[in-house]
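So that you can tell them apart, the chains are marked A, B, C and D in the order they are listed, and the count of residues begins at 1 in each.
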Amino acid sequence: MINDIKLTNAQIAWRAAQDIEDGAYVNLGIGFPEMVAQYQPEGREAIFHTENGVLGFGQAPAEGDEDWDLINAGKKAITLKPGAAFFHHADSFAMVRGGHLDVAILGAYQIAQNGDLANWRVGNKGVPAVGGAMDLVHGAGRVAVITDHVTKDGKPKLVAECTFPLTGVGCVTRVYTSLAVVDIQDGHFVLREKLPQISLEDLQAVTGAELKLDGPVADLIVPEL
Amino acid sequence: MINDIKLTNAQIAWRAAQDIEDGAYVNLGIGFPEMVAQYQPEGREAIFHTENGVLGFGQAPAEGDEDWDLINAGKKAITLKPGAAFFHHADSFAMVRGGHLDVAILGAYQIAQNGDLANWRVGNKGVPAVGGAMDLVHGAGRVAVITDHVTKDGKPKLVAECTFPLTGVGCVTRVYTSLAVVDIQDGHFVLREKLPQISLEDLQAVTGAELKLDGPVADLIVPEL
Amino acid sequence: MDKTIATVADAVADIHDGATVMIGGFGGSGAPIELIHALIDKGPKNLTVINNNAGNGKIGIGAMIDAGMVAKMVCSFPRSSDPRAFTERYLDGKIELELVPQGTLAERIRAGGAGIPAFYTPTSFGTELAEGKPIEVFEGRSYVQERWLKADFAIVKGELGDPMGNLTYRLAGRNFNPLMCMAAKRTIAQVSKIVQPGGIDPEQVITPGIFVDGVVQVANPQQEEALIRAGATYP
Amino acid sequence: MDKTIATVADAVADIHDGATVMIGGFGGSGAPIELIHALIDKGPKNLTVINNNAGNGKIGIGAMIDAGMVAKMVCSFPRSSDPRAFTERYLDGKIELELVPQGTLAERIRAGGAGIPAFYTPTSFGTELAEGKPIEVFEGRSYVQERWLKADFAIVKGELGDPMGNLTYRLAGRNFNPLMCMAAKRTIAQVSKIVQPGGIDPEQVITPGIFVDGVVQVANPQQEEALIRAGATYP
């Protein structure tokens, strides 16, 4: 049932994009979070940062126009907007760690009610790879997560305590899911928006820790994209 | 007597310059050590570093041609040689601390036989000022000192233990004085060269710790400048 | 995005009593004289000023000190050709001094900008400037633990700037300026010329705009050293 | 002063068995493919390789691993579109991995170049990558102590170089290259073009020559990503 009425990834990305202020410096995690760039509201322009040393990049180039020296952290070809800048990796992570980014939007395996994030590895098997994830959860003014509300087999991704290896401790402040928008405050999930078709009880049933209420819960908008 | 037969500052600077290899990266302390740049042997070219972010500078410009954005650490106007580079202060001291300079040549109030250097303040009065002195004594391949052998009132500057506040611990490896060239090895002064007119006894009498011998003592050359 | 500011007075308008202010430059090279003088016009008191030096003559930081605005200097070399303003007040106990080795000063400022709360350096080990600081041995050598340095404001001088805040510098005027841009809550740059976004080649940007909050054009900036040689005073 | 080297074979001739080698680039961007391939031709064994990644496909670092030259990788992200070379050996226990968060990797390399033996970062606090590392609290927040990272050799890719060793980079090909130049005992750069001293504007030098020991011209360098898409293998 839950799977029939939920936001698509594009719709989650759209919702997250609505909270990005004009002129904000933003890092979008590799993969799904990169979609957020496509849904900046009219009249607002965020400046996107990528770990490998570019500030102010734009869309992907047309196929065949790629310059493989000009890529993002996901190793995808990008283009530059006017006013872009290049810098080396230490300066790039000075921006991250030094608190110069306004927003980082990341994917997640699990988010705990105290803001702990697990998004780099699900167990001890295979080849571990961390990239910039553990840096990005520190320093940005807001660290937000976009994610399906539950795993593919229906288990909660918003949990009382992470069971997967942590990326960062107490770092996430807002989660945009396929069903809801949830803030993390004082060690608790606080529900801000939910799909109107879903009852609070049903939402709570697929959430691994208590969803507190703190004022009215708004309807989560379902944009036509 | 000692004061009648001694090298001039220019001659001390000349002697120090003879030990600088072709292609060496060199920082010369403010004031007297700057003279060393004038006596590079024919056919050798050192690259000079200044703390405020220039590598590869040359002579002072003609009076009236100064550009006061282009100065050295002593705030004197400089010119650039081909292949020069600018960088910020953190990168500049990365060069210093990171061991990238081959030679630093500094002035001194006192040098102890264990290599301790005192060259930034003589007591607790007045306004203390340290500049880059405490950084320069670390990281360069060789830290050398040029100095008169004794103070203006005839007291030894090469001492058993520094009595003035330290700039650095165990950092100096060679001292070029107005009377001698002295290495610092294993906690001792080792005499390498002396003015032939001065006896070992007379030299020892104006030196505050034992001058050890380790092989022959060469004559200190008195260049005509 | 447009970070340009119309006047130097507007540029320093937020700098308040008690603020910590980093001021770029090394001696007169890269010193933002017009911003400093605008700050003197505004006149906040009780400032902590971070600069390599502590003013020269009766202009710039020297004039700030003379105007009684500076409670504390953090610097490496409070001497100059005319250090009277600082020296008198220091010897009278009217201004505080935190003396920091120059490379440590640069690295502490970079650390403040880079989110590194502390680091170890060989500099000052065994000297009075290391007193009271933690010492740790790495690979058989002793190092001093130093803390980051941050500020409420940085005022710096660039050569080109654009509305995104990207900056270049002129010659050795770079010095502390790019580091201070990183380490302040609010960074204001005066530049000789404001160009359009893209007017600075992205490979030639020295300070990326993320580190800069405001850019004001001062088309023909004064040079501290030239002013001092001309015997200038401010105001 | 002339740091130019005639051939890539000469450039890597000193890299010996057991050496620690930093290799610049992020994925294929800024990766010195010709120097890596010259190193494969020479064939030293038992290398520790420091790079953000751990090779892609059957060229570059992937080919080094396939040639059995690499005993240990220090990297942040040993995954790629074709990570087979590393993955197989890692899962077989034939290659060691030191996994380092990307920003910490960059800062550790810079620290190695800057004479900073250790620093504190918030990154990895509370995670398994901080296990065994000293933790310290500054201003109420916990930080992990990380050590510098140095190497015997660095091989990097620049765009312009001069005989003094000054370098520029191309677009985002800068990445780890300038940091690695600082942190190795001997740094070799391949560049698209060697210009005369002064051919790079002193204000546009990204890596000052003091950090570089040898410069070799590779006029039309190959791009790793393009090679992989073409299904290339080396040798």
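The rule is simple: contacts are C-beta pairs under 8 Å (C-beta built on N, C-alpha and C of every residue); 3 or more make two chains touch, one makes a residue touch a chain.
Remember, it's a predicted structure, so these values are computed and weren't measured experimentally.
A.B. asks: Common contacts of subunit A and subunit B?
C.D. replies: Touching subunit A as well as subunit B, we find C, D.
A.B. asks: Could you quickly compare B-C and B-D and let me know which has more C-beta contacts?
C.D. replies: More C-beta contacts join the chains of B-C.
A.B. asks: CA centre of subunit C versus CA centre of subunit D: separation in Å?
C.D. replies: Subunit C and subunit D have C-alpha centres separated by 34 Å.
A.B. asks: Give, as an integer number of Å, the spacing between the C-alpha centres of subunit C and subunit B.
C.D. replies: The mean C-alpha positions of subunit B and subunit C differ by 30 Å.
A.B. asks: Distance-wise, how many Å sit between the C-alpha centres of subunit A and subunit C, to the nearest whole number?
C.D. replies: Each chain reduced to its C-alpha mean, subunit A and subunit C end up 36 Å apart.
A.B. asks: Of all the residues in subunit B, which ones touch at least 2 other chains?
C.D. replies: Where subunit B meets two or more other chains at a single residue, that happens at 86-87, 90, 93, 96-97, 138-139.
A.B. asks: Among the residues of subunit D, which are close enough to touch at least two other chains?
C.D. replies: Residues 107, 110, 114-116, 121-122, 169-171, 202-203 of subunit D touch two or more partner chains.
A.B. asks: Chain contact topology under the given definition, line, ring, star, complete or other?
C.D. replies: Graph shape here is other: it fits none of the named patterns.
A.B. asks: All pairs of touching chains?
C.D. replies: Pairs flagged as touching, ordered by label: A-C, A-D, B-C, B-D, C-D.
A.B. asks: Spell out the part of subunit D that touches subunit C in their complex, as residue ranges.
C.D. replies: 107, 111, 114-122, 136, 138-139, 141, 143, 147, 168-171, 202-204
A.B. asks: If we count contacts the way the header does, which residues on subunit B are in touch with subunit C in the complex?
C.D. replies: Going through subunit B, the ones touching subunit C are 50-54, 67-71, 75, 86-90, 92-93, 96-97, 116, 126-135, 138-139, 165-169.
A.B. asks: Once bound in the complex, which stretches of subunit D touch subunit A?
C.D. replies: 26-30, 52, 76-81, 83, 86-87, 90-91, 97, 99-107, 109-110, 121-129, 169-179, 206, 223-226
A.B. asks: Of all residues in subunit A, which touch subunit C in the complex?
C.D. replies: Its residues touching subunit C are 22-23, 25, 45, 47, 49, 55-56, 80-87, 90-91, 93-101, 138-139.
A.B. asks: Quick check: in the complex, which residue numbers of subunit C touch subunit A?
C.D. replies: Going through subunit C, the ones touching subunit A are 1, 110, 112-116, 162-164, 166, 182, 196-198, 202-203, 205, 208-211.
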